[in-house]
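Before anything else, here is the set of structures, which you'll find just below.
Below are two complexes that have subunit A in common, paired first with subunit B and then with subunit C.
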Partner chain A sequence: MKRENPFMVGLALVVGLLFLSPVLYSIWISFETAQAYYTGSPEFTLDNYVRAVSEYNFARYLMNSIIVSGLVTLLGITIATMAAFAFARFQFRGGDLLFGATVATLMIPSHISLIPNYLTLAKAGLLDTYAGLILPAVSNGFAAFFLRQYIRGIPKALDEAAYMDGATPMQVLWRVIVPIARPAIFSMGLYIFITEWNNYIWPLIAVGKDDLFTLQIGLARLYRINPGEGLVDWPLVMAASTITILPVLAGFLLVERHLVRGITMGAIK
Partner chain B sequence: MFRALTPYLLVAPLIIFIEVFTYVPILSSLNLSVRHWDFLSPTMPFVGLENYETLLSSRDFWNSLKVTTIFAVLSVPLRLALALAVASYLVRETLPSRLLRAAFFLPSVTSAVSIAVVFSWVFSTDYGMVNAALATLGFGKVPWLQDPSLALWVLIFVNTWKQLGYDVVIYIAGLQAVPQELYDAAAVDGGRKLHVFRRVTVPLVMPTTYFLLVISVIEAFQVFTIVNIMTKGGPAGATDMLVNLLYRVGFTLFDIGQGSALAVLLFVFLIVLSLIKSRVIGRKVHYEA
Partner chain C sequence: MSGITLRDIRKSYPNGPEILHGVSMDIKPGEFIVIVGPSGCGKSTLLRLIAGLERCEQGDIEIGGKRANNLAPQNRDIAMIFQNYALYPHMTVRENIAFGLELRGMPKAERNARAESVAKTLQLDPYLDRKPGALSGGQRQRVAMGRAMARNTSIFLMDEPLSNLDNSLRVTMRTEIKELHRQLGATIVYVTHDQTEALSLADRIAVMKDGDLLQFDTPEAIYDRPNNRFVAGFLGVPPMNFLPVAQLPGWQGRQDLMVGLRPEAMSVHLDQPREAALPVRLVLSEMTGSDLILHCDSAAGRITLTSGRKDRPRDTSNFWVSYDLDQAVFFDNHSGTRVDLASAIGPSKRCAEFRNGSSRQ
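For the complex of A and B:
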């Protein structure tokens, strides 16, 4: 490997930090006392985080976000993998049509389903429930398409050998396909999780009960209930904002390469 | 016998979810768009195209269409030009370029709500980062989000900041697919850097540009979160983009008929754009320049 020019590395760091400075500064503010923030004196505290959790419901919102994004990811990746396996390996009547319908969902803008899905869930009595937050987000045509392409690249001889040994299709999927496709499944799972974590408009519509708010809704409310310009308790709001971005931020730093690969592949779909 | 059913059982869960939450809603939207309804009344009478007529003769609709079009026309070329410039600097696999790519990419996976809140602070009149910076240069306070002529620009800036890294990553993938020999040949011919960029790079990444062009226009027509948090469509409708109008008509005025009519119009427009996209992507590159 070539030696890196330390000057260029330093320059890149400076430019990168400058680009991210609004977010970095907001994290800084979240550790300041309100007084320090308004007077400029250096005084640091964890008080804003304590208040976000005790005076406001942010521990609950965090839990809700984890539950909702976690279940959407788990269910979404499971049904996408199953369908991808069928589309990649089975010839069946209507298969092309169903695959076409799956891929076509990539073109369908989500706003068209807002009102009808609200009505469907109202009729089913699922507004203001976890199920109401989760169900409309579970199907992911992109993940199904992406995994189907990936599975097609796995040599069919591996399946056939397993069938010879008397394996059922479910066993082939679970024992042969899933282990080999693990990187792709992981990338897609991450993509679904982050998309759902950041989802705003659907939870905004589907829940009105404070105990069911996700972080996005909780943060938006907290920012809005502050009376007006100048009176906003910025250190408190920034603590809530930091709680909202930190899990994705941390995950991103751990698995940046996977994520970028998944998303780049998505573009060449 | 059971064997033949296997693929159907495997695709059933996905297909059922897609059916219930994606395809049926398109039909319901069409149906609701020709009815009068407010979520509560027991009947929903058929009113023909009345909702469309009301919508097309309302000031709000045309204002939203105008605002959204301006947003798209200004923000998309800005994003693409910046992204291509940045990408051509970061195309090599060195440590500094990987660091910078990660920094640029980070906002595109960060919560839009958080970004909107943070930038509401950055652009706030009395305590914001931007006005503080301007103050040290001797300028007065600028009411960024309260001035109708500035607010849309702020949203364009925030949206560009958030999405730039995604475009950069896609452009890098496109640039890396360009054969190095073409650059070498251009260099041998004594091409100057800017010249090579214009005559070799830009034409060769045209397919990527088309792809990004269409998806970012589609995205621009669906911007909602930053509007909802930062301006709520104001001041005086200056940032009242289409999905924000849809949200207001459907979920605060509870005019289901008109909300659905708006959803259908926007849907048709975006589908046409998507079809253009899939044609473009399906096509091969034309290496002409």
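For the complex of A and C:
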């Protein structure tokens, strides 16, 4: 086995710690009482987490975030994969135009679509619903574009072999293309999940009910909780922040092994 | 068993030239057909049309007596082996072989048993749980064959299946494919640009060039009586020699003909022989094992012939080459098409004179 250069390992550790330090510091603060934080005396507690969940409804916000981000990711990646397969593999009338339109959506700033989306959902009676939070984010032009490029790199002979084996186009997609494109699909899924998890603006305008708030909305509201004398209750905010980042971190660790390498090796001589 | 009939197949892509110019072929059930031709001649396109991987807009394809132009590939009951094998990289050898059976709803136990039996035939049983990435080129090629065999179809299409193998493995696999055909009795359409494969495997060979079918006949007929100069030159190693007939002793008047002589139809003589012969000068000799390939210059042009190692003339030496006119083929100088021997050499008297070498200069 190749011996690592101790200097490079040390440097990597230092840089890693530097990047991690704000997160570690915020987790540290989340276990302090507000008084201890402002007076500087060491006093540790789990009370901030208990308050975030019981007093400020963070368990509900967490569940909402998981439902919304999870469904947006699942539906978004499914639709994007199917669109990408169609764009990559089939010649159909208007296909190039449709793909051009899909790519063009990447050039439109998301904020421009806020008002039209809001009006559309208001007319459909979908404001203050999960559907209202989820549907606008489901169509993802970038994911369709990214996956189409990836699928184009998969040898077409594999599709043809599957057709000769008796597969239908949908079987080719789900049994052959998707398993091979798994690293790209998981990467894109993670990207969609994190983007939706961090989404603040759309949930802010699409829902007004506390029961439908996501973590980001809940987190913003915490800044208004005043421990007295015009101070922000930072330990409480940091406990809520920790609740916000931990599922993403866990999700990343869960899918990380799927992101590492492609698996087309051996398919084609 | 099913046969395949192709009638006036034409193919062109949008905004592109025509690739196939009306190819017709009648393939009998159980026949081993090899389509051969240089790169870009349309042989793979023809195979893909039979498979249903390309749409056939002009002409008719009949499989087992039924028109198949509009049938999807999965409904044609055809198995195909691809040039690059196209194995599913995420599946094991067992899953690769059994995938087609799974798609057709065969129960798991039954399809696994079939996969194992096929793997045993192809000596792949130790590798059933490996993925293609962990196999050698030859093993991958066998898996591709196994995948096709497991389906138990009556027609196999093979698109240059041996072109990615090294020479010794190619020779071994060639024998195995021939043996497989004997065992299965299936109709096989095999595409290659390797003429040795074509001659050794085929019941009949289809020679293609630039989208046209030039000749469709048995290997013997194609080798001995090629329809034109292209076919004559394409099959055979070393290739046939083409000499202007007018340069041969006794044929000075015939400017309109070329004679085609296979290397093995010519013999080396260190001294001038009694029969008609050309004086030549050795330019280069190549050792092929049991034989030598001699490249010589003559008044009629460059001649390549084979000779036993014992008869080897000295380097750059001058010697004589006689030829067997019974094995010669004549071609029209302009059209390149074959001309019958009788019409080529005219009156029988001259023919007799020529054969006896009495016209020797």
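Operating definition for what follows: the second predicted complex is superposed on the first by the 219 of 269 C-alpha atoms of A that agree within 3 Å, B and C clash if a C-alpha of one lies under 4 Å from a C-alpha of the other, contacts with A are read in each partner's own complex, and residues count from 1 in each chain.
Keep this in mind: contacts are C-beta pairs under 8 Å (C-beta built on N, C-alpha and C of every residue); 3 or more make two chains touch, one makes a residue touch a chain.
Remember, predicted model here, so these are calculated numbers, not experimental data.
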item	value
Touching partner for A:His111 - first (subunit B), second (subunit C), both, neither	first
A:Pro179 touches, of subunit B and subunit C: first, second, both or neither?	second
Touching partner for A:Met63 - first (subunit B), second (subunit C), both, neither	neither
Partner chain(s) touched by A:Ala12 [first = subunit B, second = subunit C, both, neither]	first
First, second, both or neither for A:Ala250, with subunit B first and subunit C second	neither
Subunit B versus subunit C, judged by how many residues of subunit A each one touches	B
Which of subunit B and subunit C A:Val50 touches, first, second, both or neither	neither
Which superposed partner A:Ala144 touches (first subunit B, second subunit C, both, neither)	first
On subunit A, the residue positions that both subunit B and subunit C contact, one per complex	263-264, 267-269
Residues on subunit A engaged by subunit C in the complex (per definition of touch)	155, 157-158, 160-168, 171, 175-176, 179-180, 182, 263-269
Subunit C residues touching subunit A - in the complex, by the definition given at the top	51-53, 72-74, 78-80, 82-90, 99-100, 103-104, 131-135, 137, 140, 147, 151, 164
Sites on subunit B touched by subunit A in the complex	4, 6-8, 10-11, 13-15, 17-18, 20-26, 28-29, 32, 94-97, 99-107, 109-115, 117-122, 124-127, 129, 146, 166, 169-170, 173, 211, 218, 222, 224-225, 228-229, 243, 246-247, 250-251, 256, 259-260, 263-264, 266-267, 270-271, 274-275, 277-278, 281
Subunit B-touching residues of subunit A, taken from the complex the two chains share	2, 4-5, 8-9, 11-13, 15-17, 19-23, 25-26, 29, 38, 78-80, 82-83, 85-87, 90, 92, 95, 98, 101-102, 105, 107-120, 135-136, 138-139, 141, 144, 169, 173, 194, 197-198, 200-201, 204-205, 215-216, 219-220, 223, 229-230, 232, 234, 237-238, 241, 244-245, 248-249, 252, 256, 259-260, 263-264, 267-269
